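Next come the structures, one after another.
There are two complexes below, and they share chain A, which is joined by chain B in the first and by chain C in the second.
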Partner chain A sequence: MLSKSTAPVSMKSLTGPPKRLLVPVTAFLALFYLIPLALITLMSAGHPPSFSLGLELLNLAHYTKFLSSPYYLKVLLDTVLLGLIVALITAILAYPVAYFLVRSRSRYRGFIYFVTLIPMAVGMNMITLGWLIVLGRNGFVNTLLDSLGFIDQPLGLLYTWPAMVVGLVNVIFTFMVLPIAAVLKNVDPSLERAARNLGAGPVRTFLMVTLPLSAEGVAAGFLAVFMQTSGALVMPLLLGGTSNTVLSVSIWEQYAVANDRYFAAVLSLILLAAALSVLWLQLKISKSREVL
Partner chain B sequence: MDGMKREGAPMGHRVWNGLLQAAWRFYLLLIVVFLLFPALLVVVVSFDTASYMRFPPDGFTLRWYQTAFASETIRLAIYNSMIVAVVSTAASIALAVPAAIVIVRRRFPGRDALYTFLMSPIAVPWVVFGLALLYLWSAAGWNRGLTAIAIGHTVIGMPYVLRTCTAVLSHATPSCELAARTLGAGPWNTFRLVTLPMMKAGVIAGATFCLLISFINVPVPLFLTTSSSTTLQIAIFSYMFSNYDPGVAAIASFQLVIILLALYVAQRIANLREFIV
Partner chain C sequence: MTNISRRRLLAATAGAIAASPFLVSSLVHAKDNRIVVTSLGGLWERSIRRDFIPLFKKRTGADVDIVLGGPSQWMSQIESQPGKPPLDTIDNSETLAYQLMAQDMAVKLTEDKVPNLADIPPIFRAPWDDYAAMYMYSAAGFFYNKEKIKDPPKSWVEFFERAGKGEFGKSLSLPDISYGWGNAFIWAYAAAHGGGIDNIELGFDAIERVKPYVVKFWANSGEVERLITSREVDIGVFWDGRIHSLIEGGADYLGFQRMDSHVLISGMASQVVKNGNEALALEFLNTLLDPVPQLRFHETINYAVTNAKVQYPEARKNQILPASEGIIPPYRELAQLTPGMIQTWNQKIRT
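Our next item is the complex of A and B:
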């Protein structure tokens, strides 16, 4: 019993959901994302944090301070270097795990999957604390080496580059495994079998078939890890100590200790520029926009 | 690697395959140990009787848990973190779900650019965004606190919901919605009874990421917190700076339990693996 009101609606209203549904999210991001980024950009150019624009206040003094300081240039270099080292090590360690997650039918697969999620899920604080206990003066490694008779004095393992790198690789592992696995899932295993049947050994098959086909996943993982590493604050601060500063730590110090908000803004923009140029590079290399 | 496809491997390669398999298992074991060991040590140390964090532990006590939960600051921080996580996740869903539907179901100029813009907060380092948001609060003369933190977490969490929802919806055929509309359902009922159930798994997976990111984020609340609006991660962070007793391990172990429970529940109701692997 169809009444008139339930009769088929006109085709015009069937074109899909109204575009005005996009307004809330766009307005929200404009207010709480674009305006803050605009403000921090203005501040880096010497403008005080205020909505009344004073263009005559703009200057590049804080950028000059950065560019003329060998210390901060080294901090920038170290930040990029740390990101690259961590991304490279993580890529090498995580690739086999991603391969296992996609190709294996082992009953441990679910468990390994769960384990790779844990570092991302428990977060920077917990993993940092864990490595403080592993590497501390009375920590796991020193106690072990001491009881085996290898050392008399505890080794100073904390506040070094290796401590930062090992901790970051741990906490960031998930961000490499997931993109590689996502791409590997779409690589047809019959291609590998074909290569094997045509006489290629396992190593050659991997290097000539599997790896090139999954390169996009590695690139996406590389980017995600680089961005997570360069933005990480807690771990470089607590495992790297005062002598191994990176940009994120400098930003925090300029804000909280030196109380120089303008210079903190300059350092933030430089960190942002570093992150975005790696993103741009990755988009150039692959068409994938999947960044975790 | 048990169960891996090995069809067609010549018989003469059996020894080689056996060795390879053993090497695989050993490697995976090493990775599991590497990934879990530090977090496990935190749990072990949280029960230690010693007055500073060390290994091996001296004895067993629950004292650090008692002290931690007796602290007004810690209880407030746990409560605040949960509020912020729930509010920012709800806000992320409310913002991202309608956007995902329009982006997947409509074709219009600038659609790709808009999607890139809505996803772009993922590319901004959290330290930078936290500081930028603080400058907005100073410029506007607003009071920092839980509202600011929840808004910050919504900005960084929303893209994750948007991504999982668009992924799910682009695999669901629009003809279901079309059928509902031709059969007389209004836009709201079509959304409620057809589109939303089709997106359910995407919403849950995105919401899980959102909850986690909000719960474990340090840099954003670090700039926006005040003493009455401290979050659990900020409490842990300041504790690590000022103190070296196992109390902080007890707090961290407690949050580990919450996180593992959340992951387990999410995995049960929506198979997370479909979205990330």
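Our next item is the complex of A and C:
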């Protein structure tokens, strides 16, 4: 007679964890995300948030308002651009840090890892306040430049696009480093050594071997950074200037000031669509790479 | 290890179910002697808890829960449950107070139910036909850096004229349209230049003249206070109480200049919400309008208060603008103009 430990394993248990493990998170998402999303979609079409549907109330007036407004189209463009720029800069800065964390045997690795996690621990609001002090008219940068004799008058560093970009790159940096590092860990170093042995220089090895093999990590980090940047409110509101409005600020304004929740719903769905578009693009690129 | 038998588990569950009506009823009973009110945060909340609630509790024996936040958030909470609102009173904005009235969700205040209403000047309740009353108010004026500006402007017209010529350099700060009273300030600019509700464009024209010299249009009080204390800006407009608090807090470089005319005054339009605990809520509003805690509120937060019987300390009397010298915008009409004003702001100021 076979003991329990040597009993044959059923095919069912080989197909992965049971789907019922997904029930709690699915229920949570349905209750706190899908249902509110449905109600917001109704609101964007002019229908009050309600479970009883009045088809005669539906209209696309608020969508027409958005699409016919050069101002709001510019806000959408600025929002997407900000997300892309921040993601690109973060990727360029984060990759070497991720590479160091994975490949280096330096005793400072732990310290660098800790420093990388600090933005997550400190939080966006505190970091924003910090940059307000650093970039201010009497802040660290202007004071340093003045003391070195480079400037006579303080530079207007705050309330500009660069101020927003710097702040966002700082606060979201961790979300780029960690995915890249996770994928780099699975890249066999012997492949890089093989390339070097075959005569490829360090740059060519990186471009032809390391980067392609770690592209999924970069893509995952890019997506995470883009989504967080495009939805950021506090930093654009406090570090951005009058002409640097992004969708999240417009949404808040329509809700809290104009009291036009229907138009705020439209802007929210536009923002969601922009983020999902980037997700779709990333998935499409990943899939085409699998085929290749 | 104790094994819990199925029988014992079923018995315990049955007992819990049998006891639950008593628990629910005791919760309901506790709610009858409790109201939920609103407050801004920081010193404001501290004053509500320390200066108003103890008097209310002494008079009624009821408990008070405070919900922090702002008018937009509180209105959303009320509108989501109009049959049984989660708030019994609301410190509303002047504009949103009309919205609550339009939804027939505000209780009319009468002197028999709110005795202290008799000592509140009409300017602080008549705009809302007694469906709201203000217990505090603040008056706008120019803050300025005394080290850099020796002769501050004394009127809106003078301010925009001198600032528009670059006299103060790029060191201005003005409210953004997204500030809760941003639209009221624009109305005040327009009124000072001969316009008003029917010609609000004059307000935008004034802003456009000084726009190149504005460091930041601020969206909330915390932001402008930070701009002032970090000396990012040298001149702008803000509420008297907050500026005096900053000066008393050590900002010696800071000065405050009252305008000669068109002094905008503003405050919270407090309302009792229908379908809540109305009787207790009316008594709480009566407490907000009481001169004794109002004086303590003023001493805490430096804003003026509305009860005519309040005697301000001598040292602070000259800081208080008499209500008769201020102007309150026609908020009912302003509320209807606001969406269009945001569009104009986006086109003229944000681009």
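Here is the rule we go by: the second predicted complex is superposed on the first by the 260 of 292 C-alpha atoms of A that agree within 3 Å, B and C clash if a C-alpha of one lies under 4 Å from a C-alpha of the other, contacts with A are read in each partner's own complex, and residues count from 1 in each chain.
The rule we apply is simple: a residue touches a chain if its C-beta (ideal position, glycine included) is under 8 Å from a C-beta of that chain, and two chains touch if they have at least 3 such contacts.
These numbers were taken from a predicted model, which means no experiment stands behind them.
Student: Put the two structures on top of each other at chain A: do chain B and chain C fit, or clash?
Tutor: Overlaying the two structures gives a clash between chain B and chain C.
Student: Answer with first, second, both or neither: which of chain B and chain C does A:Pro236 touch in the superposed model?
Tutor: neither
Student: Taking the superposition on A as described, I'd like to know which of chain B and chain C A:Gly136 touches: first, second, both or neither.
Tutor: Both: A:Gly136 reaches chain B and chain C.
Student: Could you tell me if A:Met124 is touching chain B, chain C, both of them or neither one (first, second, both, neither)?
Tutor: first
Student: Is A:Met43 touching anything from chain B or chain C once the two structures are fitted on A? First, second, both or neither.
Tutor: After superposition on chain A, A:Met43 lies in contact with chain B alone.
Student: Quick check for you: in the superposed arrangement, does A:Gly217 touch first (chain B), second (chain C), both or neither?
Tutor: neither
Student: Pick one for A:Gly83: touches chain B only (first), chain C only (second), both, or neither.
Tutor: So A:Gly83 meets neither chain B nor chain C here.
Student: After the superposition on A, what does A:Tyr255 contact: first (chain B), second (chain C), both or neither?
Tutor: Both partners.
Student: Of chain B and chain C, which one touches more of chain A's residues?
Tutor: B
Student: If I apply the document's touch criterion, which positions on chain A are contacted by chain B in one structure and by chain C in the other?
Tutor: Looking at chain A, the two contact sets intersect at 132-133, 136, 138-139, 238, 252, 255.
Student: Can you tell me which positions in chain A touch chain B when the two form their complex?
Tutor: Going through chain A, the ones touching chain B are 2, 5-9, 13-19, 21-22, 24-26, 28-29, 32-33, 35-37, 39-40, 43, 49-51, 93, 96-97, 100-108, 112-134, 136, 138-140, 143, 167, 170, 173, 178, 181-182, 185, 189, 193, 196-197, 202, 227, 230-231, 233-234, 238, 248, 251-252, 255, 261, 264-265, 268-269, 271-272, 275-276, 279, 289, 291-292.
Student: For the complex, which residues does chain C have touching chain A?
Tutor: That would be residues 70, 72, 96, 99, 170, 176-180, 182-183, 211, 214-217, 219, 223, 226, 230-232, 338-339, 342-343, 346-347, 349-351 of chain C.
Student: Mind pulling up the chain B residues that touch chain A in the complex?
Tutor: Residue positions touching the partner: 1-5, 7-8, 20, 24, 27-28, 31-32, 34-42, 45, 52-56, 94-96, 98-99, 101-103, 105-106, 108, 114, 116-119, 121-129, 131-133, 135-136, 138-140, 151-152, 154-155, 158, 162, 174, 178, 181-182, 184, 187, 191, 212, 215-219, 222-223, 233, 236-237, 240-241, 248-249, 252, 255-256, 259-260, 263, 272-273, 276-277.
Student: Any idea which chain A residues touch chain C in the complex?
Tutor: Within the complex, chain A contacts chain C at residues 71, 74, 132-133, 136-139, 156, 158-159, 237-238, 241-243, 245, 249, 252-260.
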